[in-house]
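Let me begin by handing over the structure; questions about it come next.
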Amino acid sequence: MKIIQKEITLQKKSRGFHLITSEILSLIPEINKIKKGIAQLFILHTSASLTINENADPTVRSDMETYFNTIVPEDADYFEHTLEGTDDMTSHIKSSIIGSSLMIPVTNGTFNLGTWQGIYLCEHRNRAGRRRIVITVLGEDESN
Amino acid sequence: MKIIQKEITLQKKSRGFHLITSEILSLIPEINKIKKGIAQLFILHTSASLTINENADPTVRSDMETYFNTIVPEDADYFEHTLEGTDDMTSHIKSSIIGSSLMIPVTNGTFNLGTWQGIYLCEHRNRAGRRRIVITVLGEDESN
Amino acid sequence: MKIIQKEITLQKKSRGFHLITSEILSLIPEINKIKKGIAQLFILHTSASLTINENADPTVRSDMETYFNTIVPEDADYFEHTLEGTDDMTSHIKSSIIGSSLMIPVTNGTFNLGTWQGIYLCEHRNRAGRRRIVITVLGEDESN
């Protein structure tokens, strides 16, 4: 049984939904030794989130952005926590709807995803810095 | 420390919210050897999702279907990703709101759920095939 | 590799979003021996939920309550599961949107959270009892 844990920092992203499967894998090459287990991605921020969704058509990502902007409207007059702008409280809400953490099975050295699945970074702020993620992998390696 | 990992395939479901606790347990009998640990259910699709909710009254499941159809409307005119029908993009959105993965504690050989909790498969497509799930259990077995 | 698993009971909370990071840590002192790993918090109920969000400004928590009451309206006429009141079905829905379970990385004996992150108990019922949570920690302790 092996535990790999490290903090990674993603490249800066614009507001919206971004496919980051390759970027994540490039930052955690150690995963290729894990035969079976699970990986956690945990984002250390409350105004961006992580999800699994369709990995092929860019309009899925733009439709996601449009949808969440509609359902969490920046012009709602009832928000009090708006010191950092209209995208402040709405980003916190999107973060709790979509989630701060992903658990992904690991099989034969890589993420065990369906054919059409990819990892998304959902950037909810208009201007955000680089986002940090703690990756923890628990699994059996080749020596087990 | 033991890791069990296998892929299972559920029986085909109609659109809606379905209680699948027994079906899952019947497909992972190996869990009965795990004294304490956690199990992950990870669905390999982006148009169906998994959640934990009330396990007794069928109107909870039908109300869930009604609610999510209301909040993610198929007649929204702003969706671009609609090639496979009006239930295409909406299914992807529901999948990210509800989630692709469940983590459940395992205690004394079975899921450690509250009295009123059950596992739901949320089928968002009008016509879907059989859904595949990767189950990973990490825990101590009797030999520990 | 060590697995800690125990059930804890939180102090009773009023309806709304509550910061519980300290309360959780006080109930799981054993975590201070875990050098690296992950912890799961799993709530044994279907009308309250758990999330990670901003840990400083109380208006984030009150805005969350206002938002989820708006998006999951108690006066919707289409709900059938309302035997226990208008906050019955809406609590189940909020529970599936926000989630019943949290996974949090553990590093050097405590939760590895971002500077502004805290653990929330989201109490969706008007009158709820004390909520029970199963905590499972998987990790390496000092003896590894």
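Chains: A, B and C, in written order; residue numbering restarts at 1 for each.
By definition in this document, contacts are C-beta pairs under 8 Å (C-beta built on N, C-alpha and C of every residue); 3 or more make two chains touch, one makes a residue touch a chain.
This structure is a prediction, so every number in the text was calculated from the model and none was measured.
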Chain contact topology (line, ring, star, complete or other): complete
Rotation in the CA alignment of subunit A with subunit C, degrees, nearest 5: 120
Chain centre separation (subunit B, subunit C; CA means) in Å: 20
Shared interface positions of subunit A, touching two or more other chains: 1, 71, 97, 99, 103, 138
Contact footprint of subunit C on subunit B as seen in their complex: 1, 36-38, 51-54, 57, 59-60, 62-64, 66-67, 70-71, 97-99, 102-105, 107, 112-117, 120, 138-140
Complex contact set, residues of subunit A against subunit C: 1, 3, 5, 40, 42-46, 71-72, 76, 78-81, 89, 92-93, 95-97, 99-101, 103, 132, 134, 136, 138
